Amino acid sequence: MRKNRGLFIGRFQPFHIGHLRALKWILSQEDEVIIAIGSSQFSHTIRNPFTVGERIEMIWRVLKEEKLLDKVIITSVPDTNGVHSIWVSMVLATCPSFDRVYTNDPLSRRLFREYNIIVKKIPFFEREKFTATLIREKIIRGEKWQHLVPKQVYEYILEINGDERLRELYGKKYDNYNPH
Amino acid sequence: MRKNRGLFIGRFQPFHIGHLRALKWILSQEDEVIIAIGSSQFSHTIRNPFTVGERIEMIWRVLKEEKLLDKVIITSVPDTNGVHSIWVSMVLATCPSFDRVYTNDPLSRRLFREYNIIVKKIPFFEREKFTATLIREKIIRGEKWQHLVPKQVYEYILEINGDERLRELYGKKYDNYNPH
Amino acid sequence: MRKNRGLFIGRFQPFHIGHLRALKWILSQEDEVIIAIGSSQFSHTIRNPFTVGERIEMIWRVLKEEKLLDKVIITSVPDTNGVHSIWVSMVLATCPSFDRVYTNDPLSRRLFREYNIIVKKIPFFEREKFTATLIREKIIRGEKWQHLVPKQVYEYILEINGDERLRELYGKKYDNYNPH
Amino acid sequence: MRKNRGLFIGRFQPFHIGHLRALKWILSQEDEVIIAIGSSQFSHTIRNPFTVGERIEMIWRVLKEEKLLDKVIITSVPDTNGVHSIWVSMVLATCPSFDRVYTNDPLSRRLFREYNIIVKKIPFFEREKFTATLIREKIIRGEKWQHLVPKQVYEYILEINGDERLRELYGKKYDNYNPH
Amino acid sequence: MRKNRGLFIGRFQPFHIGHLRALKWILSQEDEVIIAIGSSQFSHTIRNPFTVGERIEMIWRVLKEEKLLDKVIITSVPDTNGVHSIWVSMVLATCPSFDRVYTNDPLSRRLFREYNIIVKKIPFFEREKFTATLIREKIIRGEKWQHLVPKQVYEYILEINGDERLRELYGKKYDNYNPH
Amino acid sequence: MRKNRGLFIGRFQPFHIGHLRALKWILSQEDEVIIAIGSSQFSHTIRNPFTVGERIEMIWRVLKEEKLLDKVIITSVPDTNGVHSIWVSMVLATCPSFDRVYTNDPLSRRLFREYNIIVKKIPFFEREKFTATLIREKIIRGEKWQHLVPKQVYEYILEINGDERLRELYGKKYDNYNPH
């Protein structure tokens, strides 16, 4: 019998505990989940520090630890540089087939719905705490961030000196970090 | 302790029994393997019939059946349209890190070696029998091809009407198929 | 005898009464006009909500109503993502030939003049009232905008739920709209 | 009341009498037709000699003569360089909406059908006589081709020295023309 | 015997006296220098007013005057539109080989170091005075800037009306110039 | 007084004695020459084995030996992947200004003439002997080719193992080389 499948889209810069809880919640709704890593071509910026290869590795390590590899497929989707009209077809080509999309992003929601694809909202899990923007800021400022990501992600980022990369990209003294 | 990792590159149009045997052989040399699906942006041609999403799905189903999902990571790499000088950096960005590349393709071998990356040959397993070109030909001609791919791949291609797609793309009467 | 031809460039997001008056004024100077829809690849953003197909349709409906289809040709030109040095050649390749360009945009004016193409200014027609930016704002805020566009454009945008699209893309509550 | 609309796709290199007959036949099935000029970015080759601007102009002149401008909309669609999975979304973004596609090309037919878009065949009208390939060959060889295209197309190609362009691109002596 | 070679990267919009001093300083460290003109595809903006052809010419004229043409090679490297992971491979493909890179830009420094390429800092020479941003501002405002660039650059920019181009691109009255 | 300038375009895969003679002949017609290296983004194929950085280096070494660096400027121009209508504007943006183009290629000649740029033919110098295609064939076959290129080019290609690269790319036994 064909399984029910949800698509979970994000940039995962990095994959944090909010993402993991969202994934588990989607898995309570669906048999299998496709994790689509968006803006796959970008890396080495404050907003997108990690390559798609690095993001695949951090998610795969978490899935392995959580024993979810036989229910979750990892894929990647490039950003279309503002040519939004082709983005859904990019998702359809780069991902195994799915029944529903889970995302809270207004643009993505609109684009999928114009293709008659069902879109569902994801409940937020302590959103003020678990956002990738905040985690990147903490890394840059040298603050504690270990508790905000799965253990495997923390170890992996240290392993590839990802914290150092972010601080170097920021370039200036990080005691007066200002993202705007 | 850091695992040994090999990179296995191919277009996998489709993933066949020769690929599976090669994968198992590489796994006899390495702890973990990255499968990089090349020419990821192409589909719907005689030479590249399947989207990268479809190729990910067929390989994932095989890995699941073979209980290899915790040792093998699936990724995808676009073709760089003849700009070969950036291709290795594309591979490095789209794949988790690896120690060695396994490929018999002269261009890929050369490109990796110019980056000082170790390249190893893959032994062929009845190559006259297991080639994707031959399998696509058999599908177009309506000949038997079930025995040339893993069971999961066969079922999946039928499920998405992939055999019909290939025959339609070929366009002409397939009793006089000529790939040249 | 060869007709005199003007090129009228804009993004037409959407095509409004100011554009229509400008078109009629250019037609008082020239026998025929090419309407070139710029930034053709963009859509589904606050600044560029409509696809080029939608913009072609709205302009075509107005031209039909105004009985101008035998004097005006609609074409489209992509944005060149900052590679301004090739933009004029893009215009020349995507448009039927013309004698003069009508635009008030400093960059376009400069680029055409470096190709020795004659550029003319367009008189403004109540510019404080008829600007596409203002119309998009009014749509987002749920204010009255029907009087700012030709009847055919108004009906067409409602027909494709273009007003809803803009509001969804804006995402937030639109009673406190702030474009900056 | 919403009109019935067909999409007529082709490269129109150049637009010939077979195309005009096909257009009229489609208009016997539909209220309105979108003519989508494919491979719009290509020009100055033996296979694609004319720019999209030139092709728009030749078709517009014919439609004007035939008094079809209020039933037919001309648009253009780029070739996606082998990334076939996004091509239908390109068509949808660059064209006003339509109900059915008319094309005999196997790849296009397959791609539209995978999007659940209805595809119809076009009856051929003396196909051995009216093909763009044959017309380009005749122009290169200096043979008579005036009778194969609408009068407006013939005059236009001479006006822009399009026949000379084709012969120059071919480069060699055209008394021994061989397209292969 | 193989010469020691440094790579000197910049956008050179325009090439000024600070750049020339930096070049001479690098030549005190190396036998030969590759000047790589970055963001080569951009031109005709306030930030990138000059084409790469124009930048090559201004640098070549300076090198000729300074009798450095037999020690310095001029090349160009495109901006990769945020795909930073391929940028170093672009530099390696577009430039003759080199031993060390000289740049103070945090992103470039990080990217080269991840490729195990040695990166050195360039001492600043009156940086508050010699910055391309400041020179472009002065040109726009109509202030004196002749003393900030080599004589050949000044003459060349006037020759191509580059000062007028910048002012036209700025568009507004330049007595109240504000770059932000 | 403004110098007369010619543009000399080629792929220079590799730069050989026929190219050097052509350059000297053009210098007998003009004060200065721009050498534009075409198809700059391609490398690592039989037809385009060398990167643009390598081609710049080989030409620069020859110019240095010939004491021509103060009369000849080296630039590079990418291939536009069949979008020929923008190619001339690419040349104009990537090269310092010039008065005339020297090329025998029918497509380039046509494209420049459509921009009203003067195009001149280059006399052939023992063309049956000095063609890059023949030299690449000889390298692949392991035949003598030293006498066909300037000394600096020969040494440089050996220095970067360019001969080995070509043979590896060819892949098969080169005693039965067949380029078709």
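When the chains are written out, they are named A, B, C, D, E and F in that same order, and each has its own residue count from 1.
Just so we're on the same page, contacts are C-beta pairs under 8 Å (C-beta built on N, C-alpha and C of every residue); 3 or more make two chains touch, one makes a residue touch a chain.
The model shown is predicted, which means the values in this text are computed figures rather than measured ones.
K.L.:
Touching chain A and chain B alike: which chains?
P.N.:
Expected: D, E.
K.L.:
Tell me which of B-F and E-F has more C-beta pairs in contact.
P.N.:
Most C-beta pairs in contact, of the two: E-F.
K.L.:
When the centre of a chain is set as the mean of its C-alpha atoms, what distance in Å lies between chain A and chain E?
P.N.:
37
K.L.:
In whole angstrom, how far does the Cα centroid of chain C sit from the Cα centroid of chain D?
P.N.:
The answer is 26 Å.
K.L.:
Averaged over CA atoms, how far is the centre of chain A from the centre of chain F? Could you give it in whole Å?
P.N.:
46
K.L.:
For chain B versus chain E, what separation do you get between their C-alpha means, in angstrom?
P.N.:
44
K.L.:
Could you list which residues of chain C touch at least two other chains?
P.N.:
Within chain C, the residues that touch at least two other chains are 41, 43, 51, 81, 85, 92-93.
K.L.:
Just spell out which pairs of chains touch, all of them.
P.N.:
Those chain pairs which touch are A-B, A-C, A-D, A-E, B-D, B-E, B-F, C-D, C-E, C-F, D-F, E-F.
K.L.:
Would you tell me which residues of chain A are touching chain B in their complex?
P.N.:
Contact set of chain A toward chain B: 40-41, 43, 51-54, 56-57, 60, 64, 69-70, 73-76, 92-97, 160.
K.L.:
Going by the contact rule at the top, pick out the chain C residues touching chain A in the complex.
P.N.:
Its residues touching chain A are 41-45, 48, 51, 81, 165, 168-171.
K.L.:
Using the touch rule from the top, collect the residues of chain C that touch chain E in their complex.
P.N.:
The contact residues of chain C facing chain E are 81-85, 106-107, 109-111.
K.L.:
Within the complex, which stretch of chain E touches chain B?
P.N.:
Those residues of chain E that touch chain B are 85-86, 88-90, 92-93.
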